[in-house]
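Pasting the structures here.
Heads up, the next two complexes both have chain A, just with different partners, chain B and then chain C.
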Partner chain A sequence: MTEIFGVPTQALFGQLLIGLINGSFYALLSLGLAVIFGLLNIINFTHGAQYMLGAFFAYFLLNKAGLGYWWSLAIAPLASGAFGMLIERTMLKQLYKLDHLYGLLLTFGLALIIQGLFRNEYGSSGLPYPIPEELSGARNLGFMFLPNYRAWVIFASLVVCVGTWFVIERTKLGSYLRAATENPALVQAFGINVPRMITLTYGFGVGLAGLAGVMAAPIYQVSPQMGADLIIVVFAVVVIGGMGSIMGSIVTGFALGLVEGLTKVFYPEASNTVIFIIMAIVLMIKPAGLFGTQR
Partner chain B sequence: MPEAVRIVDEPIAGAGTVPLLAVSGLNAWYGESHILHGVDFGIAEGEVVTLLGRNGAGKTTTLKSIMGMVERRQGSIRFAGTETIGLPSNRIARSGIAFCPEERGIFASLNVKENLLLPPQVGPGGLSVDQVFELFPNLKERQASQGTKLSGGEQQMLAIGRILRTGARLLLLDEPTEGLAPVIVQQIRRTIERIKAQGFTILLVEQNFRFAATVADRHYVMENGRVVDMIPNAELESNLQKVHDYLGV
Partner chain C sequence: MLQKRSALLAVSLAFAAGAAQAQISDGVIKIGVLNDMSGLYADLTGPGSVVAARLAVEDFGAAKKGMKVEIVSADHQNKPDVGSAIARTWYDTDKVDVIVDVPTSSVALAVSQITKDKGKAFLVSGAATSDLTGKACSPNTIHWTYDTWMLANGTGNAIVKTGGDTWFFITADYAFGHALERDTEAVVLKTGGKVLGKVRHPLSTQDFSSFLLQAQASKAKIIGLANAGGDTINSIKQAAEFGIVKAGQNLAGMLVFLPDIHALGLQTAQGLIFTETFYWDLNDNTRAFTKRFSAQAPRNLYPSMIHAGVYSAVIHYLKAIEAIKSDDGTKVIAQMKKMPTDDPLFGKGSIRADGRKLHPAYLVEVKKPSESKGPWDYYKVRNTLPADQAFRPVAEGDCPLVK
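Let's turn to the complex of A and B:
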């Protein structure tokens, strides 16, 4: 068997793949957080719960309505987004004139409530969700076996992330978003309905979390706790990448997934803490994050 | 009928026509501070009118109130016969008013072209991008630059250029010549003359009344949140002492 630095290539590539998968979720989730933070100036602590909701939507659609993975992939993000917009219209909206801290407390409280309700109903063990038939199986790449579903997750996440980046940084619609992030009052005085844009943006960010939840269901199982576990790492990713930076959140998400995978190979003891160690170092050297600008 | 709305839809003294914009009894607050205490004035279609006054008199607050950018406001602001006092700023913009702020408001995350194209068209008759570039050739050369990398003068050209595109009939310009070199002030004066000739109506806030005298038809003087005087441009020279007293220069 071939080895690299004394590690069997199969194990190395296996961990790198797991790293990329985790990175796909880090990227999707931190991207949603970045989009929301940019325009709303709110650190959306409900994000993990909204990711979990996406997975549960998929679970319900399958078990209560008989609608499979592909239906969920379309419906669950929309449903999560709609639920997000409801939260924005009824609750977050009241807080924009207050200190950041209020938004943080509200979204954190909401996360606890939503997760508590689901734990009450479904316990804390995971519910199984099958891999869609079209994506079952694996292909032999020569140096490793690549399960088709995992390849799909990496591919889909990349497409969604790059697509979102493109829309925000390169289109007219994105120029409204960027301008409103800087000076919402002036953008509104040019005739743009900024309050509606804020609602839709929050809905979009939450929709991304919902999408990640659906994609995660066949890999990690569906459980009330799934978001809470993941979101702590995602916040570390966001801090490392820089709050509000679109490209930063994507690149950092994938890169840190890989770093985590590599750590598992070469120094497994640190694999759970490596991201937080990097976060501490980045905070000391560049407090605004690798891609962030101070504001 | 309350006293405050007496100006509405009546001919403007010195202009002799029904106003395009009629402000009456306008009060405005920032939080608890009461800034405007019953502002009354009007502008006829096609006029260039200035608001003169010392620092802190409430000129910017008046423009922002017309634009709907001051949250707490009372009184009446009628634009083309329609009451706008209760409308959000995006609706007011869509009705045909555009604002060029004192601090210019160029977006750092947008390049020059994107800044220029940002405000949506709200009516017919706006300038094309080429016409804006013709007025301000500097902008054409620097289209791909980040908006805030432009010089102060170029940023002002961009701030004016982008609202000329919208087709808004009433332009609110807040101190467009502040801090600019004489050459650029001349360029902005020519621009105002040209857009006036095209039928735009302009409300101009100016500290520099020498500049104001070269472009305006009439001048309103503000003091402590009220309009206290109106001077037709033709009478400005003979009222110089009064103007000096008002402005404290």
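Let's turn to the complex of A and C:
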């Protein structure tokens, strides 16, 4: 068998695929952050908590209402999105004129409160969520054993990422959105309801986090910390991709998943630091991020 | 001020009937429960340990005996620096006399050193590393509930004997994981098994699939999980997803607790074999304790062996203070080692010179969903290791105290 640095190539393929799956979550979450930052200028630190909420919505729907995974996939993002819009309308709205830092502090505080409440109520070990029947089982790809559910995660997140990119960069609605961030007063003068558009955009970004939460529920435990563990990495992804760049966040999300996957093979001890090392290097060479433009 | 107080103390010594209090520094025995209140070990330790300590003070009857006992608690976030800072503040300014629990071996090792420097007392229930009674043993520390050697010996032996002779380790990359891996590897090698590989993951990892894939590629019969809490839960859950057990490899959770099984559900956890020193359904005493514990614990959790250990350790600590009428850390620990232990949860036992508390250990198997009669009915006890066989012989530990 051929080997690369002592690792059989076949095993390496498996690891790359695993990296891609984790990258899917990074991409989905950083995409939401990028949309929110790009269009609202808010550094949304509640994103991790909103991702956790998505997973909990799925858990409640299953255990309290008897609605399975597919229903959750539709309902949980809407519910998280609605919750997000409530936050935007009641709190974030007041902060648009202020420095980024205030939005960051508010959302960070909210995240701590939400996580604390859930931890009090549900503990730290988390709750089990089964893999949906249709996607249970696995197939043998020759070089690895791929659970069907993980294959679905890659597929679904690619579709959502590309769809979002298309809407924002290639449609009329997207052009309004982008215009509204450049010059809200002018866009409003054309008769477009900018505040409502902003609320909906925030709701959409949060909905993406909720969606990622539902997709994560069967793989990880549904636990109050699930978002806190992930959010810091996702922020690094956004910074590396370039704050606010849609394409940047998608590509970087998947790419960093791969890099992290490879690190887990060659030097697993560094697997939770490698992304930050890359972030430091990127910031030194290209402070605006790989795909970002200096504002 | 100090002089005034000692004068007062002298007066009370001479006249007061409750002389027991006289030697207690500032009249109060202050117990500090230091553990993970919010992270991946919070359900195994956390607020539950505070409940256990409270029940111990109650059952000891401190109030009736005229002893004033106070309990404080803090979250060390599994970080040695945070834990050390809290321990120092507690000892130096908050007049804490004893620190109990402290999961996360790296934190416990740091607190043990500080306790020794300050001449206080440290009762470990949560941490696992056998170094606490080995090369890092201390005259001020007692290691109560379990340790990595005992887990390795109990679980490792049983598995190798039933044919699991090739191993691959998935290890948490810090003091605890390293100790557990080291002790288990020793057992595997000693009983004629082989270790085919190992991989070390950062503490509190979400995705284990990469490590599981490496374990799968190693073709080892047994995948040893040298991690704990949320890390073990995720490893087991994802191993099921990747069909690892179905494909013929077996998981050995080297350190699994009752709340972990509760979180995983029997469907995923069934058939796991591991070692514990306490299970709520052992006898009438443990069941009675569990009922009271659960009523006060967050979300009515049942006690883990760590919680039980906190209870047992605090009772014995108070008994020792009662006997010598002093709360001087070094003296109390010495007295605790002298007296035999006896409490409703662990029964009769003893504490060795190196600080190792001795009691039986139980090899348990997780029931199938069909075998479980109700909530929390999770274990079948397969074997009981008597106290003198469950823990590392004192001569093998390299503890400087017993040389």
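One rule holds for everything that comes next: the second predicted complex is superposed on the first by the 286 of 295 C-alpha atoms of A that agree within 3 Å, B and C clash if a C-alpha of one lies under 4 Å from a C-alpha of the other, contacts with A are read in each partner's own complex, and residues count from 1 in each chain.
Throughout what follows, a contact is a pair of C-beta atoms (placed from the backbone, for glycine too) under 8 Å apart; a residue touches a chain by one contact, two chains touch by 3 or more.
Bear in mind the structure is a predicted one, so any value in this text is a computation, not a measurement.
Placing chain B and chain C on a common chain A by superposition gives a fit, with no clash between them.
In the overlay built on the shared chain, the residue A:Tyr122 is in contact with chain C alone; chain B does not reach it. Of the two partner chains placed around the shared chain by superposition, chain C is the only one that A:Tyr149 touches, whereas chain B remains out of contact.
Applying the stated contact rule after C-alpha superposition, one finds that A:Gln15 touches chain C and leaves chain B untouched.
In the superposed pair of complexes, A:Glu269 makes contact with chain C only, with no contact to chain B.
Superposition on the common chain A brings chain B within a closest Cα-Cα distance of 38 Å of chain C. Counting contacts as defined above, no chain A residue meets chain B in one complex and chain C in the other. Residues 8, 11, 14-15, 18-19, 21-22, 119-128, 131, 138, 144-145, 147, 149-150, 219-221, 223, 225-226, 229-230, 261, 264-265, 268-269, 271-272 of chain A are the ones that touch chain C when the two sit in their complex.
Of all the residues in chain C, the ones that touch chain A in their complex are 38-43, 46, 173, 199-202, 204-207, 209-211, 213-214, 216-217, 229-230, 233-234, 237-238, 241-243, 247, 259-260, 262-265, 268, 298-299, 301. Put simply, chain A touches chain B in their complex at residues 172, 175-176, 178-179, 181-183, 185-195.
Taken in their complex, chain B has these residues touching chain A: 67-69, 88-90, 92-94, 98-99, 101, 105, 107-110, 114, 117-120, 122, 166.
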